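Here come two complexes built around chain A, the first alongside chain B, the second alongside chain C.
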Partner chain A sequence: MNPALLSVEQLQIDAGGAHGAAATPILRGVSFALQPGETVGLLGASGSGKTSLALALLGLLPLPLTARGRVHFEGHELLAASRGARRALRGRRLAMVFQEPLSALNPRMRVGAQVAEMARAHGERDARRAMRGAVEMLGRVGLAETDARAQRYPHELSGGERQRVLLAMALLLSPALLIADEPTSALDVTVQAQVLQLLHAQQRERGMALLLVSHDLGVIATSCERTIVLHNGLVVEDVPTRQLLSAPEHAQARALVDAVRPAVRRA
Partner chain B sequence: MAANTWQRLLDDRGARAAAAVLGAAALAAVLAPWIAPYDPTLQPDPVALRLVAPTWQHPFGTDPFSRDVLSRVLHGARVSLGVAAGAMLLSVTLGAALGALAAVVGGWVDGVVSGLVDVLIAMPRLLVVIALVATFGALSPWWLVALIGGSGWLTTARIVRAEFRDHLQREYVLAARALGASRRRIIWNHLLPAVAPQLAVAAALALAAVIPLEAALSFVGLGIQPPLPSWGNILLDGTDYLTSAWWLVVFPIVAVSLTVGSALVLADRLRVAIAGEERGA
Partner chain C sequence: MSALLEVRDLVVEYASRDGSVRAVDGVSLDVPRGETLALVGESGSGKTSLGRAILRLVPAASGSVRFDGADVLTLNGDSLQRFRRRAQVVFQDPKASLDPRMRVGDVIREGIDIHALASRPDANQRVARLLAEVGLNATDADRLPHEFSGGERQRIAIARALAVEPEFLVLDEAVSALDVLVRRQVLDLLAALQAARGLTYLFIAHDLAVVERIATRVAVMQQGRIVECAPTAALFAAPESTAAQALLAAIPRIPW
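Then we have the complex of A and B:
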């Protein structure tokens, strides 16, 4: 077997209760691995620790949360890496797309400038070249007439268009792993399907691995080969999605499957 | 639709009028040597031209030393507004830097800056400045800028710290970090533009506070020293003649009131524009 792109071993996230109070851990020892180019769903109910897991991989856990364990990514030990080293990986090798595109974009900055900002953050010195790359990237995520649209502010775009802008930012530097945290749950159903399609097309084109974080088995079932189910801070299933749908082992996984089974059958 | 706060401000007639008054005052200050009819320190005839009421030759009259009051008010604008602008820039820059530092670094740095602000803000600024001037004697205009500006950064620091902390928690900052933006990039490209309107309010308010402060210091004889004219010491020259020569008092007061009033109006219209922007109306 190839060496894994990402391997998480006994990752634990503590809430860091003040004054020695026994804090409830958010993750209680999570292990899994991702191969290059693989698409994996991370499924869990609200509060299961999905988003904290995603943020821990990027080294962006908000205080007072702290992560312990080991996270190997492309030869780096992320939890032990320096702040500067992690920052250099973020966006370039390891990128993330957030749930709510309106709040994840700077309301005061034109969207083209925000995409260009990505390149600038990673060492592009020529502002005009960064902008050309940004406009081209916006075109590739399906924002038509992009020169004009790059000049717009986030509030002037639709929800789907905004999510495409976020995707353009995340994909600009061709990361090896994209973490998408509920990338479509703020969108209506038809737009959801379009954005997921775009995500997969871009993924195939780049050979990028995708960790799709969602509470929605419907979204995961249509796109992921493998699904990891998170419950109460532990991995309770890590199986091919097909197997999860036909014979879920863990009670929580079964509940999630039963809840969406009619929808998945139709799909 | 109005794109942002600045656009809203441009569309506001009150703001435009206030900006025009301030602009005219600044222009008069800069051009004073060329537009003033006389040398502001020249005493042509202390007997015959003493305390002349406004005439065509002397539109603002003359003072007890036969100097032309219009020329003194114009040159006084140069000194008063120059000191005020310098002090305002110093206090706003200092406040923004310290407020941003406290918010971004947090921890003990935040504790020190916030504690310092809390202690210093309780001190009456005019009295502190008077005490310092009384200790060190009469000051050059540059020292006046340093003293007034160095004592005025507190509210700006508070505003910037609060705004920075608010924006640091917003998702777009997290998203920018998730894509590898450095701290410096986030501060300069995301946070400072976000607080710029609030910073402009602080600057306008600082200007409105600093013009009377300089005037007050010069009026009690601790600020700008004669024969260099400032609005405060022109007023001082006029106090003995309050009942006989009104023009000595009225013109410098009008100059102070117009500029301070305009700065206050500008601050107020800016606040309205910011509120409108946040409502998204």
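Then we have the complex of A and C:
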């Protein structure tokens, strides 16, 4: 077997615990691995710890949350890495897309410039080349007439278009792993379907690994070969998605499967 | 027997920089007593404007709304006040719709006081009963909204709406912000309350999958018009309009 792209061992996340107060466990020892190019869903209800897990992998846990354990990614130990080392990886090898594209974008900056900034932050010195790359990338995520669209501000775009901008930013430097945390939860269902399709097409084209975080198995099941179910800070299932759909073992996994089961079997 | 709610040729317009935008463009619909009509469509299709115009929360430009035979658009003073008691609303985001500085018991009791439906001790008892009815504890009356989860806050918003003993509820994306498990619980609660109280619902959603279990009929909106209206099972089995087909196609196809 190939060495894993990402391997998480006994990851624990606690909230608080400073000044002698008792810490509240968010993750209580989570282990799993991702192979290069693998698509894995991280499924859990609100409060299961899935977003904290995603943020910990990115080194973006907000205080007072703290992480312990080991996270290996492409030969780096992420939890022990310096801020500078993590920043060098983030965006370039390890990218992310968040739920709310409006709050993830700078409202005072044209979207083309924001995408170009990703290249410049990772060493592109030529501003015009960065902008050309950004415009081309915006075209590939389906923002047509891109020169004009690139000149727009986030508030001039729809929710789906904003999420495409975030995706363009995430994909720009061809990362090995994309972490998408509820990338479509704030979108209309029809727009959700378009954005998910785009995400999968780009994932296949690039052979990039995908960790798709959601409470909705419908979002995960159409694209992820494997699903990890998180409940109360623990992994309660880590199985092929087909197996989860046909025979969920853990009670919480069963509830999450039943929640998306249609009332009537549809053609 | 005529329907509890009858809407005919309703038009809602908003002023814009260059003239006006027609958000609702001649909508007619009936909701019989005790039934649930789901109003489904993409963002911007006019479903929220339609719901608000029915409740007199935004003005209608033309058309008519009849509630239990009375012309809603011409109500004023006491008659409008009585209509507001009988027709209530639950919004999408309980974080925004509940006053963060008001204790839950006061939030729920406010409508009872405004409509003078009970003396103070009776009102407090009614608040306790309502909290139990939506699956919360009587002691929760003393707590503030931020102490509750999203699903619990939505239960509080439902208890607030029910406090004035309404017959009709507009549920505007009332479960859209909830995760799938909590969404199912709140849908079950709404169905149980409907059965117990004989409530009539106008259930607004962008996601067809959400309304499948709760709706008697589904009306599909597109660009301010209802382009299709059919019993729920029929619409899911054979959607006729392209808008309904698109909404059905957008439901993730899970490889069961």
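Everything below uses one rule, namely that the second predicted complex is superposed on the first by the 262 of 267 C-alpha atoms of A that agree within 3 Å, B and C clash if a C-alpha of one lies under 4 Å from a C-alpha of the other, contacts with A are read in each partner's own complex, and residues count from 1 in each chain.
FYI, a residue touches a chain if its C-beta (ideal position, glycine included) is under 8 Å from a C-beta of that chain, and two chains touch if they have at least 3 such contacts.
Just so it is clear, the model here is predicted, and its values are computed rather than measured.
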**Prompt:** Where does A:95 make contact in the superposed view: on chain B (first), on chain C (second), on both, or on neither?
**Reply:** first
**Item:** First (chain B), second (chain C), both or neither touched by A:222
**Value:** second
**Item:** First, second, both or neither for A:169, with chain B first and chain C second
**Value:** first
**Request:** Tell me which partner A:104 touches in the superposition: chain B (first), chain C (second), both or neither.
**Result:** first
**Asked** Which partner does A:212 contact after superposing on A: first (chain B), second (chain C), both, neither?
**Response** neither
**Request:** Would you check which partner chain A:255 touches, where first means chain B only, second means chain C only, and both and neither mean what they say?
**Result:** second
**Prompt:** Do chain B and chain C touch any of the same residues on chain A, and if so, which?
**Reply:** none
**Item:** Sites on chain A touched by chain C in the complex
**Value:** 45-47, 159, 188-193, 196, 215-219, 221-222, 241-242, 245-246, 255-256, 258-266
**Message:** Looking at the complex, which residues from chain C come into contact with chain A?
**Reply:** 42-43, 149-150, 179-184, 206-209, 212-213, 233, 236, 246-247, 249-256
**In the complex with chain A, residue positions of chain B that touch it** = 3-4, 170-172, 174-182, 185, 189-190, 193-194, 280
**Message:** Could you list, by residue number, the parts of chain A that touch chain B in their complex?
**Reply:** 58, 60, 87-92, 95-96, 98, 100, 103-109, 117-118, 120-122, 153, 155, 166, 169-170
